[in-house]
Structure formats: C-alpha cells, structure tokens
Amino acid sequence: MLKLSGINAAYKDLQVLWDVSIQVDEGELVALVGSNGAGKTTTLRVISGLLKPASGSISFQDHSLGKESAHRIVELGISQVPEGGKIFTGMSVLENLELGAFVARARKDKDQTLKWVYEIFPRLEERKNQRAGTLSGGERQMLAIGRALMSKPKLLLLDEPSFGLAPILVEQIFEMITEINRQGVTVLLVEQNVRAALELAHRAYVIENGRIVGQGTGEDLLSFESVRRAYLG
Amino acid sequence: PTPTQAPPTEVVKPTETPKATEAAKPTETPKPTEVSLPPAPEFIEVGASIPLTGKFGSLGTQVKPGYVFAVQDINAAGGVYVKEYGKKIPIRLTIYDDESDPTKAVSKLETLYAEQNVVAYLGGAGSDMHAATAAIAEKNKVPYLGIAFALYSIHQQGYKYLFSPFPKSPAQARDVFEILNAEIPEGERPTKIAIFQEKTDWGKELCGLWKENAPKYGYEVVVYEQYAPKTEDFSDMILKAKAAGAEALFGMPTQPDGVAMFKQMAELGWTPKFSLIIRAPENVTWGETLGTVGEYVTIFPGWHHGEKFPGVEELNAKYQAEFGRPADLLTGPAYACVQILANAIERAGTLDRDAIRDAIAATDMMTVVGPVTFNADGTGNVLNPLIQWQNGKLELVWPKDQATADFFYPAPPFDQR
Amino acid sequence: MHFLKVERLCKSFGGLMAIHNLDFEIEEGEIVGLIGPNGSGKTTTLNLITGFLKPDSGTITFRGEDITGLPRCRACQKGIARTFQLTKSFLNFTALQNVMVGRVYGREPTGNLRVAAEESRASLQRVGLLDKAEALAKDLTLMERKRLELARALAAKPRLLLLDELMAGLNPGEAEEAMQLIKQIRDSGITILVVEHIVKAILGLSDRIIVLDYGEKIAEGLPEEIVHNPRVIEVYLGKAHA
Amino acid sequence: MGRKQVIFIALLIAILVLLPVVVKKDNIINLALLVLLYICLASSWNILGGYTGQTNLGHAAFFGLGALSTRFLWMSGWSLLPSVLAGGLLAVAFALLIGIPAFRLRGVYFAIGTLALAQILYITVGNVFSDISSLRPQDLATYQLVPRYYFFLVLALLITGTTYLLVNSKLGLGMMAVREEEEAAESLGVSALKHKLLALSISAFFAGLSGGAFAYYHVGYYPRFPFSPEWTFDSMMMVYIGGAGTIIGPIIGALFFVVVRELLALKLVELHLIVFGILFILVVLFLPGGFVEAWKKMQAAFARRSKERGVKVSFQTTDD
Amino acid sequence: MFVPLAQSLVFGLLVGALYGLAAVGLSLVFGVTKFLNVAHGELLMLGGYASFWAFTLRGVDPFLTLPLTMVFLLVIGVVLYKLLFAHMVKLTEEAKIQNTLLVGFGLSLILQNVALRLWTADTRGITTSYSRMAFTFLGVRFPIVRVASLGIALIALFALDLFLRRTYTGKALRATVENWEAATLMGIDIQRVYLLSFVMGAALAGAAGCLVSVGYSIDPGMGMSWTLKGLIVMVLGGLGSFMGTFVGGIVLGVTESATGYFLTLTYREVVGLVLFILVLVFRPQGLFGTKER
C-alpha cells in the first residue's frame, strides 16, 4: 500500500534520513521505533509531503507521491496525527472534527464519520462545544486522532500518541489504535514507548541515526537482544 | 493630459526662434565688446526644489511648468544679457523633487548650491517648505524667489534674500471686504460671517485678520471655529454656522478638507450666500469633484489666466498645447518669478549673487502677473484678483478692468442648483 | 520549619477549579514526585510556586519566607528554578548563552561574563551538552533542548529545582540516564520536585510522591505505598501497573 | 572583536572625522550628516526594537520631544549642550511615564499603542505650537554645517559605542533573553519589565539627543515636523533592512536608505520614488532578514565551499 | 441641544463605519496570514480612483461600480500576492510581519507614485446628483449617500462573518490562522487560503475606497492615514473578531464627533486616540479581542 524506497532527506544542510525504505501493506499496523532524533518524525513528514525528500521514491497505492503537495496527499487518503497533536485551540471540538473532513472525499460522509468517531471517543461528543484549547492533554490527543479519522484515511500516521499522557490514558489510547486498525484502517505508528508499540504492531522497523537498522514482527524484535538492551532497559 | 508630460526637468534651450517676451526684453542694447571681458560662463545656473510628490504635490505640479516655460521663452531669445560678459547667456534651470519634506528640500538646495553653483533659487510650494528653503537661501546668501504661500510671518523674520511676488494675508484679509462693499449694495450684503479656521500658523494669521477687519467694514463674525487639518467631519461647525444664521463663509482649507466641508454643507442644507475659500478650490479638479456644490465659491489665488497683462496669452497658448487647458493659477506667478529674476540679472549686469539680490529688491517691471515692486520685507506689491467658480470654470471677477465674468451674488441654495 | 510549604492553595480559571485547597510540604534534600492525570493541575502548581500565576488564595512559604504572589523573576533570585513542560529556549542564542542567562541573573547574580561563561560550561558538561555549547538552540533537538533547560536552571544555582516532564519522550534507556543525573543533582544539595508521567522513573527517583486529581491531593506517600493505592490506580496508573 | 575589525572601525572613524576637511562641499557634508542622523535614530530604535524585541512605533515622539525642548531652550538663550541634554532627559521622562502602561501590551498591541501615543503628541504639538520655528537671520549668517556634522558624528559614535557595550554586558544579555523568550527569562531571574524599561529609556534618551541635534541642525521647520510618524517608520525600515539586533545593521540601513534615495532623487527626479520602491522590494525579496543576514549566509556558504574543497584536497593527499 | 448632538453622532457613525470597513480588511489579512500589509491604505486609494474613473469617464454611479471596484482590487490583490507576498507564507510569524512590513512600505511608495503619474496629485472625489439629498427624522438630517454607505459596509461585513463561520472555506481560513502545518495535514491548500484572505482584504479595501470617494475625497497620498487609522481600529476592536473590529471603528468615529461637539474640533483625533489608549490600559487585548496565548 505504502512504499518508501531509498529516501534521503535533509533539513537545509543537515541530512537526517539515509536511504530509508519502508513498506506498509493494506490492513497492517506497522510500528516505527527508534531513539530520540533518529528520524521518525522526519519520516512521517516526508510521507505527508511536509518535507520533500532529496532523493528516493514514495508511492501510495501505486500512485507516486514524490511531486504531490501536502494537501493533495491528504486527499489521496493519508492522514497524520502530528507530534503533540497540534489541534486548533481557538476552535470548538466539533469545528476541529469538521475540519478533519475538509477533503472532498470525506466531506460528503461527514455526519456518518462523525458518528463513528464519537463511538470510538465518547468523550469528544461530551465536549463537542468546548474550546479545544481548554482540553486536557489526553483529550487533546483523542481529538487529534479523531480529527485525523474524520478524513476517512486509508492510512493513518501516528506520531507518538502517548507523549505526555498519564499511564492510564496511554493504555486507553493504545486500545483505541488497535480498535481503529481492526476496523480496517492501516496504521503506521511511531512510538517511544517501544514495548507497548512492539506488542501492538504486526510488524516493526527500527530506525537508528536516520537509517533503518532492523525490521521484523513485533515479537521477533522484542526477543532481539540488541533491541531489548537499547529500548527496554 | 496631465502634468505628467511636463517638459524635461533640465531645460537647456539654445537660441532657435527668437521670440522675445516682453519681460525679457533687454533694457540696454548690447554694445560692441570692450577690450577685456572675462570668459563668459556657458549658462546662468538657476535651481529649484519643488514638491512634486507628497502632500504639496498638487501645488508643485502647477509651479513647475511656470518656471520651465519662462526659461524656455527667455532662452529662445538667446538668454539674458549680462553686461559683465557683454553677451546673452542662456539660463539652465535644474529642478529637483523634495517629496514635500523640508529636510529633503534642504539637501536639494545644498546640492544646487554646491554642484550647480546657482545664482538664484526658485521656491517650491507651501509654507512648510518655504520655511526651510528660505532659511537655507539666507544662509547661503542666494537670492530666493518663492510663491504659493500667503503666510506673511515668514517675511517678518528679517530675511534679506527672500522675495515673494505673491499676495499675502493682509491683502487677502482687506480686499475681500472692499470688494463686497463695492459690489453689493448696502442691505443685501452678507454681514454675518462664519470663519472656519484651520489650526495652523497661516490659518491663525489670515482668519485672525479677517476677524479683526470685519467690524471696520460693517460685518459681524457670528461663528469662529477652529479645526485641525485632515478633519473628516465638519458637521458640527456647519450646524453652528447654520444656527447662527451666517450668510458668508471664510476659510482656507486644504483640498481634502475643503471637499469634505462642502459635501457636508450640502448634506446639512446650509448654503452661504457668499464664500471665500482660499486654497482648496484653486485646483481645476474642484469643479469636477464637487459638481454644482462647488459653484460660486470665490478665491484669492494670486493670479488668473484671464488677466490682460503682456505675455499671458502666449503663456496660455503654450500651456494649452501641453496640458489642454489655460495656465493654472500658480503657473503665472511662477512664470513671473523667472521674469523678475532675468530682469534683475540684466540690471545687475553681473552674476554676483548679492548684486542680483539688490537688483531684485529694486524691481519695478511688468510681468504676466502685472506690475511688480517689492517692499523692504521681501513681499511683493502685486495684484490680488478675486476668482469665482462659475459654470464649472474659474472666472476672474475682480478687479473689474481685468474681469472675465461678473461677480455672482448671492449663491443659490445647494438644492436649487 | 519546612523547606517549602504550600497551604490551602486555590486557583481557578474562569469556572474551572484547577487547584483546590492544596496542602503539601517539601523538606530540604528530598526528591518529591508530583503525579496525576492529565489536566490535574501539576503544571499549574509549579506555575503558582514560581510566581507565573497568582493564587486566588492560600500561601506558599519557602525557607520560612512567604513568597506567595511574588513577581515571577523573584522566585529564581530566591533560589527556585524550573524547567518548562513545553520547552522555552532562547532560540537564537547559543547553548552557552542560554545557560549564561541563568548564571548571570540567577540566585547569585554576577556582572562578570567571563566567569559566568566558565561556570556555564560546567553546567553544560553536567548535562552532557558541552559539545553543543556553540550550537544555536534552535538547531538542537527537542530532547537536547530539555537538557539545555536543565543546565540553564542549574546554572541559576537553585536551592529548589522544579522539573516539569523532563523525561517525556525519552526511551527507557535514556530515561535511566536522566534519573541518574537527577539523583546526582540532588546529591549536590539541591531539593527537587519532579512532575513526570513515566511511572518507572518517578517510582525510582522519588523519596515521596504526591498525587493530584482535579486539583486536589488524593494521595501522598512513599512510592511503594502509592503504587498500591487503589484510588491512584483507578485514576492514574491503570490496571497494568496494579 | 578581532584585530581586523578594530582596524576597520578605526579607519572608518578616521574617514568620517576627516571628511569635512577633505570635502568642502556642503551638499556632501549635509548628506553625510543626514546619514549620521539616521544612524543615530535607527540605532536608538534598535536598542528596544532589535535587541529587546519590542516594536516601538512611537519613536518619533522621543525625537520630537528632544527637538522641541532643545530648540526652545537653545533659542531662549541656553547654551547648546545643556539644551540638547535637557531634550534627551525630557524624552526619558516621557518614556518612563508611558513605559509601565505600554509594556502591559504585547506584539501588535504594543506597536500600535505606542503609535497612538506618538500621534497624540504629533497632533497636540501641531495645535499648540503652530508657528514655524526658524533660525534668526543673524544665526543664519553665521550658520556652519561642519560643527553640526561633528555633533552628529559624536552622537552616532556615542550611540553605537554604548550599544556595543550594552549588548556585551549583563544587561544586554537580559534584554535579548527577554526578546527571545520572556517567560524563560523571568524564570531565570530576569525582570522583563525592568529590562524593557531600561531599554526604552536608553532608546528614548538617544532619540531625544538626536532630536536635539536635529534642532541644532535644521534651519526652519514646524515644531510638529520631528514628531511625524515617518521618522519612526524610516528608522524601523532601516533597522530591518540592515539587520535588526545587530550593531552594523542600522548603519548599513541608514546608508542604503539615505544615499541611494538621494542619488535616485537627483538622477531621476520624478520617477525616483517608484524606482526606489522597486529597489527596496527587490532587496527585501532577495535578501530576507536584511543585509547583515545575507552577508552571514554568504560567509557561511563560502566557508562551506572552502571546507569541501579542503576535504577534497586532503583526500588527494591520502591518495598519494 | 438634541438635534446638533444627534446630528454630530450620525456623522460620526458614518465616518466610523468607514474606519471599520478599512480596518476589517486589514484585520482579515493580518489575522489569517500575519501579513501586516501597510499598503492597505494604498489599495483603498486605488479603489477610490477606480470608482472615480468609472464615474467621470463613463458616468457610472459609484454604488453600481462598487462590486466592479471590488473585483478590480481582487485582481490587483491576486497579482500582488503572487508577485510579492506568496514568498512569505512559510516564514515564522515574526519574520512574516517584518518582511511584509518592508514589502508593504516599498509597495506603498510605488502605488502612491504610480497614482500620482496617472491621476496627478490633485484631490478628487465623486459628487452625484443625489449627494445633497437627505431625509430628516426628528430634525436630524440623514444624508442618503452616507446612510447607503453604512448599509453597504454592514452588508459586506455580515457576508464576511457568515462566510467565515458557516462555510468550509471560512473554517479552513480560521484553521490556517492557528496553525498552518496542522491545516495542511487536514488537506487544506494553505497557499490558496492565504491568497483568498489577502484578496478578500484587498476587495474590502476597494469597497472602502469607493465609499471614501463618495463621502469624502481621494488623493494619491491618502493611503498612510487610512492605514494608520485602520491599524488603530484593528487593535481597538481586538484581533480575532471582525465584528469587534467594525464596532471599534464606529466607537472611534462617534467619539471623534462627540469630541467635536462637546470640546473642540482641534483635539477630536487626540481624544479618539486617548480613548484608544485607555481601552488598551484596561483591556490589553482590545475591546473584543481574545486574550493572546
């Protein structure tokens, strides 16, 4: 479904990604793990078109994304929950969700999708008229995911959804991700919480200093000695 | 056609068609050269810093063609005869734009002085600008001829190099009453006057004089209101004038203020039977902008293209050819400045600045604005004609011997025009 | 006399009671953990202590002195330094300059920039950022910036250090390093209040833990007591940690 | 400062000092004086606007107050230096008066708030002092441009030097920290308000002195003229186009603004403002961040290039 | 007593509506794009000249040309945006304000002087045959032209408000204001949103310019004072509320005329500014502004 091959990417002069190749198949839940500054967020930014790679190719459902602008990529069915959520704090929860369905493809089924999102996150329905800026950290994260779901993505990119959340919420969020995936949304998950991510994922890639250094099923990687040492403490 | 197509800024015209203008006619006929004459300069350098852009731009663009045309005419006759060199020397006029900024004007005048080594300055427009430039002229000891400001107080500073062949506030404050009393039979006169004073030094000076003179001529100032320049809303003043039963309006608003004032007078239904509005209606666009609302307003602009002095017709023809209308109100006085200067140089017989200055002070000649002499303070004794807007045109209504139309009084109410 | 004492502290935003009748103390030399669900008022508490917010009522005493509602720059001068949950680095400064601000203005202000620079380098070294001393803060990674903020706070020579989610986003290995660093800091004589969501870290670090929920203290005690507190499990830890 | 820089600066100062001795033309001296005037004004704006990050759109008020009081005192018989100093102090007094309420405002609110304050003064001064202020003929008869030039030169050196010392001191560090991240600065013990007030006062003081120098220099103007908002905007533009928060930025900005504009005005007369506008926009589009930033980038690019070349060379030597 | 005061206030209301309209355009552009377009007053001037041209050359009624003027400015807006402002979309907020300020400054120089070439420095304006008509209510005169101007300003404003709150594009616009990167991730083409708001701001300036040419007068140098007024009203009303901005304009207009009535015309602007400062002292975020984060 999604295929990155030989991606090199840089912020101005600083090369961050080196020859990254990743593949995600339809219906999968794939995790991308790695330490700080390894290039996980950058990889997601490249997929979403926020950062154009210096070389390499990206295709989504046999459609090349290399030249597409960021908003077109959303229209094609890739949504991202960015690091830290980045919700629209000045707007209501409902308006945030409606904006999620901005692309034409999603707009016509907006009401239905909204119901679906409310089923997954009942808390959002309770708070639908509240200003998003006043939500608590966990609620913000829910809103960010819900907003991404509103675009009816075929592929959902999640960037550290557990960041800064209380343990109880981390658990809940991971349950929700599994649920969303079960309902047919392909997921690429970036996580710092390596154990949880590997337990959850069908497959995972390990990224280190901008290079993919390992891949396999979650269980495989969990049993890798090097991974255990580096990420599980 | 707009002043955009004004002639090039540096005017150098060697002799082509010798068509002497009256004013430039040499007072002495050139004699065969004497034994040893110093080598003559190629040109008589004259410089002007004019506000062509910025807030005084609309005045500056009227002034500039006056200077340019006059220099062209004089050079067409071979230039100005300078006795010291025993020959005619053409004038080279350098014009800079000072953007209506006194500091920039100063630097332009310094450049004219240092680079062009001018023998005289021609002024720009607006008292803001003259205040700075006249002082520089004084400092550099360069004779300065300036028009387009009626402020009298500049002349009270004791400046020696400043000359202005242009009517000043005292004349404007006196003449209006004399004209009214002469033109309108007693009993019909608009004796109740409203004065709208702009809060500036000229406003204070001129409106103060009006107020002072009114009782002497049998008039009463019933409303005297002040406002700051760039006011959008005059309703309050207008209502006061209306309530006080004022029959005449005196003021000297800038163009935008004048337009707003008259629009609101029409809207509020107050028509003065007589209005003397200096400055705002001087521009040809007044009529276009206000239509019938701007009719019957009178002005003291300093000059009118209908005056019957020598050279006016030629000037109008030239202006018509270039801009498609007779010469603008400030163009004539600007033209006269050059005439006065040329005449003074000729009488001085040298290009020495102090000699020229003294010659200007002794001026007694006929120009396109009529006969000109100067007082000791540098103000000119010149005609102060009254102009009136009639049928969308500027008509000269006073003095009678110059008039192009009859004085129209009283002005009909706005909604009956 | 308690080192820091918070009494009947209240703070509301509009209708929302962010902190309600909060009481707690910190003793000199302790590491105290402050945990609670998202939005329970942890950051607000730190903001109140450092003067970034004025309490509606209640008092805060630091080393016997009432510091309630003091201008926010005074807290640091009295010896309370903090880091921010959302980093606030001086982005166009070099890392060294960032730290120097702390040294020059902090508890022992100095006008001698040369000396300040030397001491600031020492602070950078302490957090392992010395090799980035000349790099601009905006070119550092988020995690490096967090360390930078720690170095900056340390340079201010605090008596009490407030850390707001310093470890969020670290993987377990990195978190372990950070824990060691915090312990070292305590051992150098600085009292510490940590806000953190990484359960393992907070349990390993803290001498004592205070748990907030909806702006109220719902539990306080030794780490092992807290993990078994049913109320804490219910609102915060979840069953995985039970 | 490196040795090269010291030599360069010394050379520059020497040139400026010798200029009136070598060049006798008043127009050149006058132009140089205007450049110095704007260096003073832009540099003083830069202290608050560039280094402390508070966009002050009311700078003309300080300039105007300096000019107003200096002109008044000087013309009424005080000697020059005390008059100018009084002008600077009056500007500081006004700065302290408005400072505390003004610094309650942030961002555009602060910018427009200060603009409004300056406009209040502009209009009021226009109303109260509506007469032209001209030098008397006897002053004009003895008027010399050169001493005025040196007055401005000394002032420009004073302002630039003070700025240099300031930004390399503790207070400068605090001011810039407030600009970068006010809350963080406060958490480290920097009183933002105090530093802003300090920067405002210094900025106002120098603007006031510049106003005083202007009153000494200018032959005739309306008292409201130095209060007009153009003075603020022009200095701000100069700082931005040169490089905000740098010493050299306002200097380059003033040079560009005054000299290029004057040259265009002399050469093109009627079209010069259009051409200057286009030139100005081109500079902004192609050198975003101003001349200093562009220069830094160029240096960086150059350094990188030579480094790459250096690497290549070393490869070659190892190959050998 | 009543009539003159009421009359003054009526005029103040109408001036205020124009202040408001000028400021709303500025505020829209600034709010969405963080472009501080100081050439806004010059765009207003172009709008004024466009109507003036249509009226003098073709005799078209200014109220009929108003939509055309808006379209004309819209086109100019597109050109200016593509040529100059599009480069600045991705800068940081501070850099954006700084750079647009500079570009706006250059632009206003150019536009002013181009206008000077095209139309001379003279003051112009439009006076229609019905300009002097007014209806009287309780002794207070309501000039038709001004009442119509107020109506038009209100219509423009309600349309804008509806557009921003009800339509998807409007919401996209508000979202972009908050966070352009997140907006992109929603599939919003932010270049288009920026263009749209810039162009709408220009069109509003056009409308305001047309009304100014009818109610007052226009000249090439008028831009700066309208920009300054617009900025002051924008801040007085407070960022983030366009209705608030408009009301701010009216408050300022009415204050100015009330000053003229009760005190003196010479300090009318001063009193308006003092009111502005007082509002800021007590409400640093403006009358209707939301507190900054």
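As written, the chains take the letters A, B, C, D and E, and residue 1 is the first residue of each chain.
The definition used in the following text is that contacts are C-beta pairs under 8 Å (C-beta built on N, C-alpha and C of every residue); 3 or more make two chains touch, one makes a residue touch a chain.
Bear in mind the structure is a predicted one, so any value in this text is a computation, not a measurement.
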Shortest chain-hopping distance from chain A out to chain D: 2
Intersection of contact partners for chain A and chain B: E
Pair of chains with maximal C-beta contact number: B-E
Most remote chain, CA-based centroid, reference being chain C: B
Gap in Å, rounded to a whole number, between the CA centres of chain E and chain C: 48
Euclidean distance of C-alpha centroids - chain B vs chain D, Å: 39
Geometric centre distance via CA averages, chain C-chain A, whole Å: 30
Per-residue multi-chain contacts in chain B, two or more chains: 52-53, 199, 228
Sites on chain D at which at least two other chains make contact: 123, 127, 273
Multi-chain contact sites of chain E, meaning residues that touch two or more partners: 112-113, 117, 266-267, 269
Interchain pairs in contact, sorted by label: A-C, A-E, B-D, B-E, C-D, D-E
Touch list for chain D against partner chain E, complex: 101, 104-109, 112-113, 115-117, 119-120, 123-124, 127, 229, 233, 236-237, 240-241, 244, 271, 273-274, 276-278, 280-281, 284-285, 288-289
Interface residues, chain E side, partner chain D - complex: 30, 36, 84, 87, 91, 95, 97-99, 101-103, 105-110, 112-114, 117, 224, 228, 231-232, 234-235, 239, 266-267, 269-270, 273-274, 276-277, 280-281, 284-286, 292
Contact set on chain B toward chain D in their complex: 6, 9, 52-53, 95-97, 99, 101-104, 106-108, 110-111, 113-115, 127-128, 131-132, 134-136, 138-140, 151, 153-154, 157-160, 199-201, 203-204, 228-229
Sites on chain B touched by chain E in the complex: 2-4, 52-55, 57-58, 60-61, 199, 225-228, 230-237, 239-240, 243, 255-256, 259-260, 263-264, 266-269, 280, 283-285, 288-291, 293-294, 414-415
Contacting residues of chain D [partner chain C, same complex]: 168-170, 173-174, 176-177, 180-181, 183-192
